[in-house]
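Alright, structures below, take your time with them.
Each of the next two complexes has chain A plus one other chain: chain B in the first, chain C in the second.
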Partner chain A sequence: MNFYDLLIAPFAQFGFMNRALAGAMILSLSAGPVGVFLTLRRMSLTGDAMAHAILPGAAAGFLVSGLAILPMTLGGFAAGLVVAVLSGLVSRFTIQREDSSLAAFYLISLALGVMLVSLKGSNVDLMHVLFGTVLALNNDALIMIGAIVTISLVTLAVLWRPLVAECLDPSFLRSVSRAGHPVHLLFLALVVINLVGGFQALGTLLAVGLMMLPASAARFWVRSLEALCALAVLIAMASSYVGLLISYHLSIASGPAIILVAGAVYFVSMLFGRRGVVTSNLRPVRHRVA
Partner chain B sequence: MSAIRIEDLTLGYEGHPAVHHLDGVFEQGSLTAIMGPNGSGKSTLLKGIIGAVKPLGGRVVLDNLSWRDIAYLPQSAEIDRSFPAVVSDLVALGFWKQRGLFAAIRGIDHKALEAALDAVGLSGFEQRPIDTLSGGQLQRALFARVLVQDAPVILLDEPFAAIDQRTVADLTSLIQHWHGEGRTVIAVLHDADLVRAAFPQTLLLAREQIAWGDTASALTPENLLAARTMVEAWDDDAPWHDAPVAHDHAGHSHAGGRP
Partner chain C sequence: MTLKLLLAALIGTTLALPAHAADIKAVASFSILGDIVARVGGDRVDLTTIVGPNADTHVYEPKPADAQALSQADVFFVNGLGFEGWLDRLVEATGFGGPVVVASEGVATHEMAEEEHAEGEHDQGHDHGETDPHAWQSLKNGLVYVKNVAAGLCKADPDGCATYEANAKTYSDEIAALDAKVIAAIDTVPAAQRKVITTHDAFGYFGEEYGVQFLAPEGISTDSEASAADVGRLIEQIRSEGVKALFIENMSDGRLVEQISRETGVTIGGELYADALSEPGQGAASYLEMFEHNIALLVPAMTGK
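Entry: the complex of A and B
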């Protein structure tokens, strides 16, 4: 087996592999930066909660029209937004903080979703919704992913400065502008549409992996915000490519393979990154004269 | 013409007053120190002025000002020191009002930013990550941000807590420079000697107003003693003010306050 067979042939020969690669690569473009902002805002687990929250919407779409991309996407988006807005409002107008209100709403949402799926359909269908089928991406799904990523990147560019200000010094932003709260909600909406874009390919539960793992890994290598975003995108893309290759050659599920490769990158970065465990402990203890 | 008028203002939390029936004026261009013991409502008053705490009674009137004209430096800024930002990123937040939400920082702003860092003694710190700054350096950077905000009213909440003498001296002369430019400056402070030396006006607060006026006449030993004897605890059985304007003051006294 030569390099061509090993690395390129699967994507050249099979349309489904080709589309899977395209979908995951495009998704990486916006999942990386969104993940970086999630980690910097200490909302790493919020992505996970939102991933659970979109289930009832996707399930409702599934109940109405089976495994079709548009209804499930719109349903998931609507459910995620409802949970984000409700938990945001509760934290704003009561003493409860957003982490607890979000936990409450996503759990309610998740239970509703599992209930809806179990009303109709088999366990296999539930597995499709939860874990996705990147190898079954059709052209409609690709167009949907492309649209979602385009919207995300434009929104992210527009929101960049308010988002940075909200992370860096939220009380200052509150004192000069009333934009903090809307910006926060728009950012949550961004998280939701990226999860929705990812769940066709990776499933509702694993879509968040392509967001968080590359972003967390990048933190061990670089310092500036721009570099973090760029590196997260690169790691996400590389994980998608390597993961799909492994899944093809070893005949294992593709979604978990992609996320596991990203997980491996995270481990290596955590140990050997410039700011990782091993490197920072092996560095000779020296200091300058001033 | 007055800058900030306080009219029978009561501010508080869960119905308990932290600032009680305060009346007075921060004149335009005045330099006022707010003094008083812990829990006397100093920070709450500043938050009331910027509108972050809603009045339980009375009101704050901003003459010819909007809340956008006020630069506010909180007591402990909620800055995320682990965020990957450098000093110039932090200071550049001050351009928010002029440049708005989305516009980029312009060339002229970079000159203003350098001048501001220079004025607070942080030249050459532009690219220093904020997690490597000392407490004093961070406070200098925050003063630089107030500088670039270029606001007619500046509120500083305990700007010199845990700051060394040299930094206090540098930043105090910056405050006096703002005063010379005709800006209205209000600062919460604890150092009576510093207030006597550098601040013409003083509001001595102990939930109620103890004294408000020239620093020399406000900071008398009697007034300082009166401020110190304030009771900090809330009285959960205290009667409610049903009619804030017409109540009879039977349950409490308003030392130095309204008749």
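Entry: the complex of A and C
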């Protein structure tokens, strides 16, 4: 099998491979920076929590208009936003920290969702219907991802400085500006739309994985924030490409394949990255000498 | 005054009760089996179905109401063959001591169709290489189901045996007639065109019995995720063999089949009912109606309309 057959042919031959690659790569553009900020804010498990938290919104959409994708997605957005914003507010104005407030709210939300679903009587697995797969991206899903990424990147560009200040030195920000709270809430909203859009288009595993794994891996290579974001995006894109190829040549489910490639990158980074375990211990510790 | 009213109401209800009481309470695991039990049992059976229309039995999780219905039932009808993964746990949890009638008893089973994987890849998807449970998709197996259901009802309620046998006979005749109709309908399709793509591998018995080849990106259960290789292979096959019939099923996500349809240019032929009946009025509310609905869609699609 030559170079072309191995690396290019699957994408040239099949439209669905193209779309899968396009969808994953486009989402990587915004998942990278958002993931970096989440890891910096110690909110790395938000993705998984959010996957459960959107259930009551989807259930409400289901109760109102049956198994239609759009109402369920919009309901999911709404529920996710409510949970994210509420947990953000609680962590700011009470003694509670962000991780436990998020945990509390997503659990309440999940229970509410399960109850709503059982009210209707039929036992449809809503999440099964709502969460897509990377191999089945239709035009609506691609347009939605495109819109989400555009909004995310523009928002990040506009909010960059207050967001960074808020993450890294909140008391300083509070002393010079009142932008702290709104910026944080806006950031949470960004997280929610990236996640929910990702779930709907690509499935939970892929959406959360593309966000968290590249960002975590990038930490072992670079230090500056801009470099972190750029590297996270690159790792996410590369993982999508290689993962899809593996899924094609070795007949493995595509979502897991992409995430496992990202996981392998993470593992290698952790061990052999510039700031990784092995490399740090190999380099002799430099003392200042007089 | 109110006391007299209350007394009158109480007497009234107790007088009314015997007229409406069924002779036995039965629980069926899913809608298709429920329909068969209802046809054979008739008015003598008070039936509760656990997995209703348009719902997925493969991934169903029983609710307290189901456990309650089962604990009060006289007989429990199940498909068997691994279709209801939650079965054993439910029976154990409710402490149900009555008879569990396996409707597929005595049916000639086959294994899930082996896809062309490399050797040593047999742990893909938890139902790969196991018995295909969708036995009701062949009407000849349907006759076996009716026989087993009638026997089960007879055993649980010997007084009604004559009624059950009579109902079973009538129903079996209807099934046999439909079977002949299906065979005749498939005969109108040229042999080379008897190929169909659906969302998951639920039509194995149908394909085997009536000579139609069913292909699917998902495996035998709706729980498995497709790989890019599977989808690519399927698209290649559709293109090279000129498959014209592409269908979505009523309870799985149709987006993957839509993608395949977009890529190959084959239009989706409609919605097939595989593992569950439809709601009344949607066109596939009974076992026989389901078959008629599926045939009405399959045959024109295969012949290229």
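The rule is short, and it goes like this: the second predicted complex is superposed on the first by the 239 of 290 C-alpha atoms of A that agree within 3 Å, B and C clash if a C-alpha of one lies under 4 Å from a C-alpha of the other, contacts with A are read in each partner's own complex, and residues count from 1 in each chain.
Operating definition for what follows: a contact is a pair of C-beta atoms (placed from the backbone, for glycine too) under 8 Å apart; a residue touches a chain by one contact, two chains touch by 3 or more.
This is a predicted model, so every value here is computed, not measured.
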| item | value |
| --- | --- |
| First (chain B), second (chain C), both or neither touched by A:P162 | first |
| Contacts of A:S247 with chain B and chain C, given as first, second, both or neither | second |
| Contacts of A:L137 with chain B and chain C, given as first, second, both or neither | second |
| First (chain B), second (chain C), both or neither touched by A:S118 | second |
| Touching partner for A:F172 - first (chain B), second (chain C), both, neither | first |
| Chain B versus chain C as contact partner of A:L110, first or second or both or neither | neither |
| First, second, both or neither for A:G15, with chain B first and chain C second | second |
| First (chain B), second (chain C), both or neither touched by A:P256 | second |
| Which of chain B and chain C A:R223 touches, first, second, both or neither | first |
| Chain C versus chain B, contacts on chain A by residue | C |
| Intersection of chain A interface sets (partners chain B, chain C) | none |
| Chain A partner contacts - residues on chain C that touch it in the complex | 51-56, 59-61, 63, 117-118, 121, 124, 222, 224-232, 235, 251-253, 255-256, 258-260, 262-263 |
| Complex contact set, residues of chain B against chain A | 50, 52, 68, 70, 72, 74, 77-80, 83-85, 89-90, 93, 96-97, 101-102, 129, 145, 149 |
| Chain B-facing residues of chain A, complex | 40, 158, 161-162, 164-165, 167-177, 179, 223-225, 228 |
| Contact footprint of chain C on chain A as seen in their complex | 10, 13-17, 19-20, 118, 121-125, 128-129, 132-133, 135-138, 244, 247-257 |
